[in-house]
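In the two complexes below, chain A is the common chain; its partner is chain B in one and chain C in the other.
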Partner chain A sequence: MQDNCSIEMRNVSKTFGRIKANQDVSLKIYKGEILSLLGENGSGKTTLMNMLSGIYFPDEGQIFVNGKPASITSPKDALKQGIGMIHQHFKLVSVLSAAENVILGLDGSLMLDMKEVSRKITEICERYHFNVDPDKKVYDMSVSEKQTLEIIKVLYRDADVLILDEPTAVLTPQETERLFDVLREMRKDGKAIVIITHKLHEVMELADRVAVLRKGKFVGELMVKDTNPQEMTNMMVGRTVMLNIDRPEPVNPTERLNIQGLTVINEDGVKKLDNVSFTAMGGEILGIAGIAGSGQKELLEAVAGLQPIKSGSIIYTPENGESEDLVGKTPMQIKNAGVALAFVPEDRLGMGLVGGMGMTGNMMLRSWQKGKGMFVHRSDPTALAEEIKEKLEVMTPDINYPVRRLSGGNVQKVLVGREIATAPSVMMSAYAVRGLDINTSYTIYNLMTTQKMKGTAVIFVGEDLDVLLELCDRILVLYDGKVSGIVDGRTATKEQIGLMMTRFEGEGGEKNE
Partner chain B sequence: MNKVHTPLFHLTKRTNLSRSGAWLIRLGSFLAAIIIGGLIFVLLGQNPFEAYQSIITGSLGKSVALRQTIKIAVPLLGTAIAIAPCFKMRFWNIGAEGQITAGAIGATFFALNFAGKIPSMPLLLSMGIAGALCGAFWALIPAVFKAKWGTNETLFTLMMNYIVIGFVRWLQGGPWEGKPGSQIIPNFNPDAVLPEVFRIHCGWIIVLALTIFMYVYMKYSKHGYEIAVVGESHNTAKYAGMNVAKITIRTMLLSGAICGLVGFMVASGANKTLYHNVADGVGFTAITVAWLAQLKPFVMIVISLLLAILDKGSGELQTRMGVPSSISDIITGVFLFCMLASEFFINYRIIFTKSHKKEAAK
Partner chain C sequence: MNTIVSLLYNAVLNGTPLMFGTMGEVLTEKSGNLNLGVEGMMYMGGAIGLAGAFYYEKMAGSAANGIVAILIALLLAFIAGAIGALIFSFITISMRANQNVTGLALTIFGTGVGQFIGEYMRTKEGGYVVVGNGLKNFFQASPFPKALQDIPVAGKLIFGHNIFVYLGIIIAVIMAIYMNRTRFGLNLRAVGESPATADAAGINVTRYKYLATVIGGGISAIGGMVYIMTIAGCVWNHEGLAGEGWLAVALVIFCLWKPISAMWGSTLFGALLIMYLRVRLPIPSEIYKILPYVVTVAVLIITSLRKKKENQPPESLGLSYFREDR
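Moving on to the complex of A and B:
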């Protein structure tokens, strides 16, 4: 096994201020193997891999590449040593073509031989059955094409070690399958592959071995053929966690939001929502599925008053009271009209929260204009922050500690906690569990279900179809800004939704006229 | 095992530095500035101890000198206070220079036209109000363009400076010219001059009051909260139901009004007249003051005094020791550089690479 070892990390530690992101981690990565790195949020997976890809330098410990001690000082240096990382957020220049992006940052002679570059790219594409046109501009590419391009970028530099950070988060089931085929092909070629993911069924399907981190420490490894999701979860969390989502029958569903013919055109003149019609009921969870960028963001923002609406109506009917059209109202007017609308946006720190403020300051986002006079009131928000910290077990040194510095899961707990505290009658959330670990994800699912049982109309935009099928009562599928259908969450299948996500099935939905 | 080339050091972000630790670093960089500055004096063949002594005595030694130092600090502090809310909002108002000048024009209008006709108190009051209004108006123009059409406020506010300064040049040679051909606006009637308290024009009291006001405004008011949120993210502000355009315009109005007040104080208190260089670079130096103080109003008092001491002291250096004024600029630069560098060391820690050895616990 020794000569097969591609990378070895020995007693590696990395500290950020008070936080020990990695502590004494030893890990081997072998050629011709797919290793899955598992761990909860903040367990140090990404930090560990960033030390391999040259973004961070370990405070202590030594990295060996092909058995020799190595020092990786920059991403470029990492690639020189054959290590390439595909980050969660793509690092591409959108105005450049695929080929130009591939050679970006490479040393070379003064003259560029783009023909040679294209030839080499085509060669890689043929080898792994990629379908990428070297001359296509990045801004014309789909998310999956961009990811493929990132992989080509790394392969072009002859990397033997590929690290992928949550690669499937943005892909449809079909695209995920294709990616996995490529990774299996690479494994056959003797490349070492590390994949960071939270989706355990993917681990079961793809990986050979899992390494588990907990609170920055290496807690052990398992061979995938000898284990199951439950065992992996327990190892990650450190105790037994129940892995099923409770889905009680909807209680007394009543119409809360009735959206008819909603059309939204964005600043660039692109039609993001096209004649969208549906109803959201109090007491049920309405899931929204679709490829990223199919109009999910615009739909929720239109309801929240943050998106200019071209045409259509959004009729809100409170539990006991008059119906009201929300179209054309600002967020403040919606609020003043008595609509208790909770919104957990996709961009948590860029829209839902103020990164530089602590929990208290962020609680005030929903209450800052309360009270007479020119001064803000801090005592209620402080109490609320304390309560959320306690109830949702937010890990923060202090309620005034900037939320930007908290881990992703804790950031989301602060946001969801605040929104639920407004006692909403409509609760919208976009990718509420993106990037969150199993434990926190289940906390969020339970909070959604609790809201549903309180009679709230919950709208849950998700990307993991397995979760949508387990959690939601009905699932609306968006395709390119149109409703391609609404299905029953209890009877629909993953394949059916996957197909609806990739092509328009006009008459498939209810009230689609 | 240690044969591989490892980098000599790398940087990590600090998060656990105590308050006293931060102040120790600041003190250290201040000492470093004194030492570097001393070396420069040595290179020039001057005795560094004497040089520093003349800076101190020249700026603080005699009560005359001290008063002049404070006179330099007053507009610096006032302007830093004025631009603080803009910078908190990430609205880069570098047009304080012009807003000060506009304020001075407004005040001068009343000083030239109403002196002797109305008593001193209401005259000064109307000068102050006119100054604030003119400053606010000059700030309003770029603010509206930014709020409505998203124009770049940095270039816009900067260009506004040159327009208003040119306008004063025209006034100097045109309608407000004193002796024909002099290109000078006559000195204000004593009624239009700010009274002195402790033999310094009472602008210092106004500026200190503004400092307290700004501290409370930024920290405890709803407006202050809105400004902080808009500065972090326009999307978050909209999400919370804030009207970003309104907040931008309102904050710039406040900022311009305070700049205008500073212009009134400088024209009426210090210069007793108006000329095109009334702002004298204060609008730019105040940016340094505001950033060094990390937009904290009370810290700005210290920073503006420090810069005033360097300014006044190095003038003394020039007259007493014959050190060219360019050298005093270099010394000021060294101090600013070291003060900014200290912020770097407060935020980052340098770790020298020691393979496989336990690092000293910190």
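Moving on to the complex of A and C:
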């Protein structure tokens, strides 16, 4: 294997402020192999790879490319060394066309020759069976098209090492399958591929070797053919973790939300929800599946009172109370009635948390009305922050450390933990585990199930279909703002939901149940 | 007919300083920097440009050459604006300070420097700073032969303007080609839209931001010089530029960050600025004079309603960039 070594990292360390992101990590990456980098949130996977792609520069340690020491101080250096990274949040300029994005930053003649660029892109597309129009603007592209474009960008630069940071997080099962085929094709071409993912079944399916990081340190590596998800998880977490989701039968489900004919038109005049009808039961988890942007966000926001509603009704029945229509109520009234929303947007700080504040400050955002007179209460939020830090194992130097400086997964724990703490009677969460590691994800699934057993109606918008199928009692599938069907979580298959996500199967409603 | 020709002619004349101010700011904003110091840079350009021409004439006496005087004024104005923009760049790009505050500070600073130099010259030279008639003619007359200018209507409108009008058009065309057709222009647009993307693609974000802002500041400052040397009659007055720089900032939005549109936009605003002199309307002249500012407000409201993606400001406009931020 020695000759095949493409990249070697030797004793690499990187510190951010008070947080040690990587400590003394040594790692080898081989040609013609798919390496999967595993680790919990904040274990430093992305940081480690960012040092290869030139975003960060290591504080200590050395990097060898093809056996020669290399100093990678900028993304340009990385590209020169043949290293290309596809970031979790795509690095594309949305007002530019596909071709313009591809040649961004490349050296060459002063005047642009877009025809030649398009020709080369078409060549790459034919080689790997992509389907991308070089003149299409990025803002018109779907998530999977954008990702394809990112891959083309790297291939156009003749990269030999491809790093993908959670590439499947936003893809449908079919798109994921396509991506894996492409990656296998590249492996055949002798390229070295590193993939960061939390989905262990994907690792089993795709990778040859896994390297595990824990709290910034390298803890070991395994050959995929000799291991199993349980062993990998234990290695990641450092102790034995139960890898199944408990799904007790719903106890005495009662109707909490009854939504009829909900239609929402956004400010651009686009219909985001079209005649959506369903019920959410107390004591049950209702999953919502769909391709990103199918109306999940609008649906939850409409219920929470954050979206103007064109037509339809949202009848809410509290545990021992009168039914009332939530349409036309203010977000504050809805929240006080017991409907909570934990929305994790793509940029986790965008909604719900204030980046510059610590955990305590962010807890207070939910309780600021509770103080006496003009003063706020500080002790309760502090206690809550401590509790969340304990229970969800938030990695932070202390609870007043600005949440902006925590890693993505930790930020999310803070957000979800706070929403659950309000003990609502309808609990809505979107992408609650987006980007979270396996251990924390299971903590959150269990929290959802606990809520369900308390009689809460849980609405869970998720991305990972395997999880939705394991966790939810019923799954509502959205397609382009319409209800494409509602299926039973215990009997439905992944393929069935995948198909429903990509095409509308008539007036599905509850018929598929 | 004569009224219309005269209105159009004067619209171009009065729009030229705005055109330079706008083009400079377009270049700056394309790199994602919102430099609100245009007024200040134009002030410095105006005062220092005038000073250059004035002292050159004083030294050279009757041997003073018009072309040399124009070049000196252009160069000094450009350098003055570039220095102002360099201060802005250092504070906002390297130090990552807030761009709005820094820009406002630059306006105050530049206005002060301009006024100081202008007033200093005035008191030093006996209360009145003006360039001699010979040189003045170079700054204000058309560079084309009389025969061309004498063609009815078209002669005045096409060949009758001062040299800065044509210089501005040349710069606008070059900028348009640069931004839309060249590799560097594409990189610059990427920097303004998404510096993180540009950085990951290997573009030196800091260098692009500095260069665009400094050159943009220089071009804006030329507008101030053009104002003093043409409209204001080569003389320093207390009013200075009367808010031309702020109109330029608004014009950038009106022109959708396109240099070619800066030509039409500045001509339109040039017309609005002088309409009260040329077209009589039965309203008090004080109200008539505020027309350009009212239109500015209306334009900002209307343009903010536009939805098309291409017509939006550069996405990271006004934000500072730090690669290792998380």
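Please note the rule applied: the second predicted complex is superposed on the first by the 488 of 513 C-alpha atoms of A that agree within 3 Å, B and C clash if a C-alpha of one lies under 4 Å from a C-alpha of the other, contacts with A are read in each partner's own complex, and residues count from 1 in each chain.
Here is the rule we go by: contacts are C-beta pairs under 8 Å (C-beta built on N, C-alpha and C of every residue); 3 or more make two chains touch, one makes a residue touch a chain.
Being a predicted model, the structure only gives us computed values, none of them experimental.
Of the two partner chains, chain C is the only one touched by A:111; chain B is not. Within the superposed three-chain model, A:405 lies in touch with chain B and with chain C [touch as defined at top]. In the superposition on chain A, A:453 makes contact with neither chain B nor chain C. Of the two partner chains, chain B is the only one touched by A:330; chain C is not. Comparing chain B with chain C, the partner in contact with more residues of chain A is B. Applying the stated contact rule after C-alpha superposition, one finds that A:376 touches chain B and leaves chain C untouched. In the superposition on the C-alpha atoms of chain A, the part of chain A touched by chain B in one complex and by chain C in the other spans residues 16, 405. Put simply, chain C touches chain A in their complex at residues 181-184, 186-187, 189-190, 193-194, 196-204, 307, 309-310, 312, 315, 323-324, 326. The residues of chain A lying in touch with chain B in their complex are 15-19, 57, 59-62, 68-71, 73, 304, 306, 330-332, 335, 343, 345, 347, 349-357, 361, 364-366, 368-369, 374-376, 405.
Of all residues in chain B, those touching chain A in their complex are 1, 3-7, 10, 12-16, 220-226, 228-229, 232-233, 235-236, 238-243, 351, 353, 355-356, 358-359.
Of all the residues in chain A, the ones that touch chain C in their complex are 16, 53, 55-56, 74-76, 78-79, 85, 87, 91-96, 100, 103-106, 108-112, 137, 139, 153, 268, 404-405, 407.
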